[in-house]
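Here's the structure, in structure tokens; my notes come after.
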Amino acid sequence: MARGALKIAVIGGGSSYTPELIEGYIKRRDALPIKEIWLVDVEEGREKVEIVGAMAARMVRAAGLDWKVSTTLNRREALAGADFVSTQFRVGLLDARIKDERIPLSHGVLGQETKGAGGLFKAFRTIPVILDIVKDMKELCPDAWLVNFTNPAGMVTEAAIFHGGWRRTIGLCNVPLGLIKTASDKLNTPVDALTVRFAGLNHFNWHRVWDTTGNERTAELIDLLYKPGVAVDDENRPKNIANIEFPYEIVRDSGMLPCYYHRYYYAESDMLDDAIKKFEGGKTRAEEVKRTEERLFALYKDPALDHKPEELSQRGGAYYSDAACELIASIYNDKKTEMVVSVANNGAMPDLPPNCVVEVSARITAHGADCYAVGALPTGVRGMVQHMKAMEQIIIDAAITGDYDKALHGFALNTLIPAGSKGKKILDQMLVAHKDYLPQFKDAVERIEREQPDTVAYVEGLLGGKG
Amino acid sequence: MARGALKIAVIGGGSSYTPELIEGYIKRRDALPIKEIWLVDVEEGREKVEIVGAMAARMVRAAGLDWKVSTTLNRREALAGADFVSTQFRVGLLDARIKDERIPLSHGVLGQETKGAGGLFKAFRTIPVILDIVKDMKELCPDAWLVNFTNPAGMVTEAAIFHGGWRRTIGLCNVPLGLIKTASDKLNTPVDALTVRFAGLNHFNWHRVWDTTGNERTAELIDLLYKPGVAVDDENRPKNIANIEFPYEIVRDSGMLPCYYHRYYYAESDMLDDAIKKFEGGKTRAEEVKRTEERLFALYKDPALDHKPEELSQRGGAYYSDAACELIASIYNDKKTEMVVSVANNGAMPDLPPNCVVEVSARITAHGADCYAVGALPTGVRGMVQHMKAMEQIIIDAAITGDYDKALHGFALNTLIPAGSKGKKILDQMLVAHKDYLPQFKDAVERIEREQPDTVAYVEGLLGGKG
Amino acid sequence: MARGALKIAVIGGGSSYTPELIEGYIKRRDALPIKEIWLVDVEEGREKVEIVGAMAARMVRAAGLDWKVSTTLNRREALAGADFVSTQFRVGLLDARIKDERIPLSHGVLGQETKGAGGLFKAFRTIPVILDIVKDMKELCPDAWLVNFTNPAGMVTEAAIFHGGWRRTIGLCNVPLGLIKTASDKLNTPVDALTVRFAGLNHFNWHRVWDTTGNERTAELIDLLYKPGVAVDDENRPKNIANIEFPYEIVRDSGMLPCYYHRYYYAESDMLDDAIKKFEGGKTRAEEVKRTEERLFALYKDPALDHKPEELSQRGGAYYSDAACELIASIYNDKKTEMVVSVANNGAMPDLPPNCVVEVSARITAHGADCYAVGALPTGVRGMVQHMKAMEQIIIDAAITGDYDKALHGFALNTLIPAGSKGKKILDQMLVAHKDYLPQFKDAVERIEREQPDTVAYVEGLLGGKG
Amino acid sequence: MARGALKIAVIGGGSSYTPELIEGYIKRRDALPIKEIWLVDVEEGREKVEIVGAMAARMVRAAGLDWKVSTTLNRREALAGADFVSTQFRVGLLDARIKDERIPLSHGVLGQETKGAGGLFKAFRTIPVILDIVKDMKELCPDAWLVNFTNPAGMVTEAAIFHGGWRRTIGLCNVPLGLIKTASDKLNTPVDALTVRFAGLNHFNWHRVWDTTGNERTAELIDLLYKPGVAVDDENRPKNIANIEFPYEIVRDSGMLPCYYHRYYYAESDMLDDAIKKFEGGKTRAEEVKRTEERLFALYKDPALDHKPEELSQRGGAYYSDAACELIASIYNDKKTEMVVSVANNGAMPDLPPNCVVEVSARITAHGADCYAVGALPTGVRGMVQHMKAMEQIIIDAAITGDYDKALHGFALNTLIPAGSKGKKILDQMLVAHKDYLPQFKDAVERIEREQPDTVAYVEGLLGGKG
């Protein structure tokens, strides 16, 4: 890897999170000899990336640094000679997420951004783009590292590594950071005085916790977090996940601590009831986020603002960007920091195929993530994670090929979507609704439009004719 | 194994299927030198076993055979010195099955006898009994083979082999027989001119089909059976499974032919709609079966009847008993017949742990089932079967230990039961409803009765106070 | 697969074994509607193939059949439109085998044709040719089956399947046939009344034996064959393997019956002593075989001879060709005959990678070999077979690439060749001696000739300057 | 684990290495709040342990510490309440090692202390003792950690963990430390600036090396260490391993760096030639070591000596004891130090069974070693390590059961011992020679003594009648 004078490219640079990323880099000014930061976005995001770019430049200047901050709609210009590329783009922006949630919920089914129907469509929209990025990288920056935090991060990372052939990809998520913070809060013990080991998939991981005397504290934490009458809410819970109680008995029996998203699996009926209630009350998470975003961009426009505003932290997704900077600093400096990352399995989880992506605890070295060996998982965790991985792999294949059969097969495997006519209806409607961002599914969409006028009418009715 | 003068013990001998079994043995009179057949049942089944025993004796006599047919309520008497033991008992009889179906359906959830909530409770009631039988066999007939066709056959067989330590157990089911017959019908080719290879779990297997020229006919069969506008109903479909259309695209993508029960997974919402409609119309499968049974026993009482009545074939479960006789004849004569059986995996399906039970194609030899190596399964099938096996294993553990946490964990893993409050409600109600047959769950039942008067009241209301 | 009017191509048709093959086909005249048999050989073998071809034609005529028997030096002509291709060629003929044995033995090391230094060089000479044949087959007879019995059959078959991409390859060997016959003889039980299950690699397999009552007879056979003071020689032992006693204790502990070749591993020092004694007495197996061959061809020349002469049976390698005919008849007629074959592992032996070739018991169907699942092997067998497979794979890679490092690495892994200077000396001398048949090793040979005049001189001295 | 006031028990405390261990503890006085150190030995070692104990006490005093240093022949007294137990005992002392080497060499076979015939007998003598120690620990110090550096460390550790059931065992060896130092020396880079990852078994591991920029330096190191004409000797090579050149081509092809002991496998014939030459010159390694030991004890007796003498470093086995202290300090302080240790595999090396011991890179935490996931090994390494593990497991079983068949089977699998009559002769002679320390082999020894007078005579002749 080149030493010094680093060029960093941020794909989806117009994101409202970018100031956090810039702050993360500024904090690590001594560890990372940055020369240029390029914020890339697409035409639809031109205004945003310009606002954010100007804000980033002010932040850098205020920190007394001479880094060049550029914005561009030409991805190739940003990638040329880059040392690190981070991806945080959102194909179709938040409007797509609104559809991801509204269509399933209108049928009484969870849309759920990362592993529900919404997440699968996010994979369909995103995976072809990540493969394009990887193709460009092979040509323009063949030694660069790709740090992905575009969701669904596990599937997107698997596509980049195993379908794009870019082994120097690491997927990152802030969920483990929140869980570690929670363990620390509840046990009243500093993060550094705990050993936390994760295993699973992105947004579908489990962990165990030990203290410095070698005692496992997992069972105690399960009680503190989930025992009825004892537990109080975990304030690190992401804002997009409802405060639904976990079934204590299951968590206790599973032998590991679940992540926030496991509510969708261990407390499925309650999460659904809650989501439907909110949907009927007119609130989807996506629309709420959209309003927050608008407020943030109003702030960013202020030419006097030269530091990350407090409001951003409340956006959800906290620590994300900071974690990305830490990951990059750890690679660059061979720091061997312990992080939880999405990387090639390679035997770390023997219950899954070696050539897939898993989310596990690892040490981040200059040559990549050295994962800890997880060993065989407890029975229940094993079954859930094997099933989810199969679904992910079929969805990745569908995203790449545009094969309708695979898309429907993936939907049927998804435990949040009822298989059968209902799931098919949702799939068809979402294909029509998202067609502008799904060129690979062109044939399927045309067939549906031709043969199923009801489907088209439903989508138009629900979304106000903006397909 | 002893040669000649065979003693055969039939646990659950009072079953309405017994005449089919007797017919099967009579057909194989030359292959099996039977001396005694013992029909065992419990006190509750005394009347039935006596009726069936008399009928069986008449059948044997009519065939000109000198076999001794005995009935007993003393299982140990029947097991002593037995060469083959077959199990077809139903703990709690059909009344239990009625509860298995009504309680879940009253919450809009599938009861489904083998893999749904009903099947799990059938496992809870049956597994402790099979372990008792195995314990007796170790003492009383240490060289005997155990042929199990009590459902859920996969879990019961796994308990016998891996928890009871009785390696000479083979689980049997008639579903594969129906599927092979269907392949033969649809391809208009004799069964002997097809090679059919199964892999999966009981009531959850997939198969592929080849002809005598080596051409694989799987895709063609998928079209014949499931292509919209082409397929007509499969008349071998078991009567307990509604004629709901399979999603053709998924079956095509899965690369294998599903079994009848896969409708519950690939067409979940439609199966549920259908079951609820029937339930609201007052019909559960269990009640229908109960009426059929009553008609059959009325016939069996007729002292003139000395052969299997035609009505039995319409009972559902056809071929079952004949298959059991064939299995026993194949073991006794080292015939190496090809059959589909539930046996120790031992690497036949590398996607599952070696020490669990799978349902695969095998040759039946005098030393047991020699399974064909299945190899790695297609992605979707792999994920489903791994998930199901984990659920089965947790349920088996719950059945043995009476651990409430494990029971709830197994319920949460079951894709037909919504995890969360709803699933827990169903579990609790079923525990109360079945308490007489669940001694291992005594503590849990007492706690529920103490703490949740609503649960008890609901059960009484639904089932007419006969909990 | 085409039906009727079969064309069969025999690569290495000039082999002295061909009459046995022809006899095998004649015996199966009713099962196989043969139209043409093509015997292919290379220029060096022109005389032999013509003699054998004429003899084969006489045999066919004497049987009253109208099959066309052709000989050719143009392999493509024979392959065009073939239904079955069998390979029994020997690159470099017996002169090469003489070198394979003499060079190692001159250093006190076993040459051993199949797994020793000689076998490795046979792989080096043969694998590039099999890959050429497969390339031709893809073009000229894309539906044909390839039945390989060229040694080292396991490695050659693995190259064809996994490097050539020809999945319709089955490797065949007569060793298991001899072992089954031995079990039958020693237990005084017909072959049909025994179930014999093999696992391992070609010339490196183990087996277990059961009778029709399900009793395992393995331990008894170990006593009958190997117990000091009890055992007498096994007359099915191939003539090329010295009658050295197996260490009874090891065989007993291994839990399985070894094959003849295991003497090289379990009784290494004694086999070596014996081979050196014979070598010093001037006798190598290769030279003995050469003399037998000469006698056979003298017989074949007799225009009155129209059936397989008795002398051929004494040649060693008996049953081989008959087994090949049986294999082909079983594929063609979907007979599901049980045979021991070298085929893709695909999980049959979980101790080895799925994508390698193993030698196991299987049923031969029209769509190929359906292997029985072997499951985990006993510890000692497991370690030996894993080690041997690694050696085979490195040797296959060396044979394809001509990479000297890999060749030396494979030699070092071979337990019959002492790693270090001595092994390297043997490798170098053999490369020089065989250079005419090793175009892929051209660079290595030239380097040795340039840098190591001693090596060249040694070879010339030993082999009379005919390198 | 208890905090503060640590009690440490050293089994084999009379070893000449003990002063290095004491020095290691003194160096870590701030990290380890030691209260007592107990040196345990057997009657035979009484004099030595008293000399060393006195010396240790002087060292502690000179360091100004108040630790209590005790010596005892009563192991249970030392174990009672211990926090850490380290094992460095040598059953039969150096006289046993002399026999281990002389008997095989007298037959032209390598004795080799750890993986050759000598090592196997060391396993036979040691494993029953370690299992006894573990039994005592369960009773007397159930929370203690066992740090084993008695050779053969891998097999002894596997016995403790998987046969003794003591999961809190970590095996330790100084070989990796030497290899890391060598990498650092040759690359002229500090140890801290390299990432070195090990995989394999004790005295049979391989490693790869990266620098802080993420570049892999393995190939470069192979050139620096083994390329003919470039490489110079590695001064960290243990004194017991002859300076025999590695075959450069094999190391290059293997893709990993070998350990010193791999000379026995990659350069077998040269190592053997060298050992025989030395043996004929009257020098075995064991006798040399014995003389060094005598010199050391002479020094230790000096009441003025209160620090580790320089001569000890030249003894071979340097760093060993220091590594043990570091391991203990890392457990006690949850330091997460990266070390190479022998621990339960648990999937770290997927090429080996999960329930065996492997030697891999790990982080040492308060709850044990967290291993890095190694993933699939290169082909050659895979085969060698799988074979060696099978041999180790058979030898462990032989050591526990005293089963002669298993002992001979293990000998046959050992690639340094020629299988067959010669190997059997060596086994029998060694059993007789070591009989005093092999109570589990009593029956076998008596049979040999009864039936094979030659064997007894040979041993007496070779060893001067001191059998």
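List of remarks:
Note that the chains are named A, B, C and D in the order they appear, and that numbering of residues resets to 1 at the start of each chain.
The criterion applied here is as follows: a contact is a pair of C-beta atoms (placed from the backbone, for glycine too) under 8 Å apart; a residue touches a chain by one contact, two chains touch by 3 or more.
Note that this is a predicted model, so its numbers are computed, not measured.
Centroids built from CA atoms put chain D at 55 Å from chain B. If each chain is reduced to the centroid of its CA atoms, chain C and chain D end up 43 Å from each other. Between the CA-based centres of chain A and chain D the separation comes to 47 Å, rounded to the whole angstrom.
Annotation for chain C: no residues touch two or more other chains.
Chain contacts here close into one cycle, and each chain has exactly two touching partners. Inter-chain contacts, as defined above, occur between A-B, A-D, B-C, C-D.
On the side of chain D, the complex with chain A involves touching residues 1, 3, 195, 197, 210-216, 331, 333-334, 336, 346-350, 354, 363, 365-368, 370-376. Those residues of chain A that touch chain B in the complex are listed here as 244, 247, 249-250, 252-254, 265-272, 379-380, 382-384, 386-391, 393-394, 397, 403-406, 408-409, 412-413, 415, 418-424.
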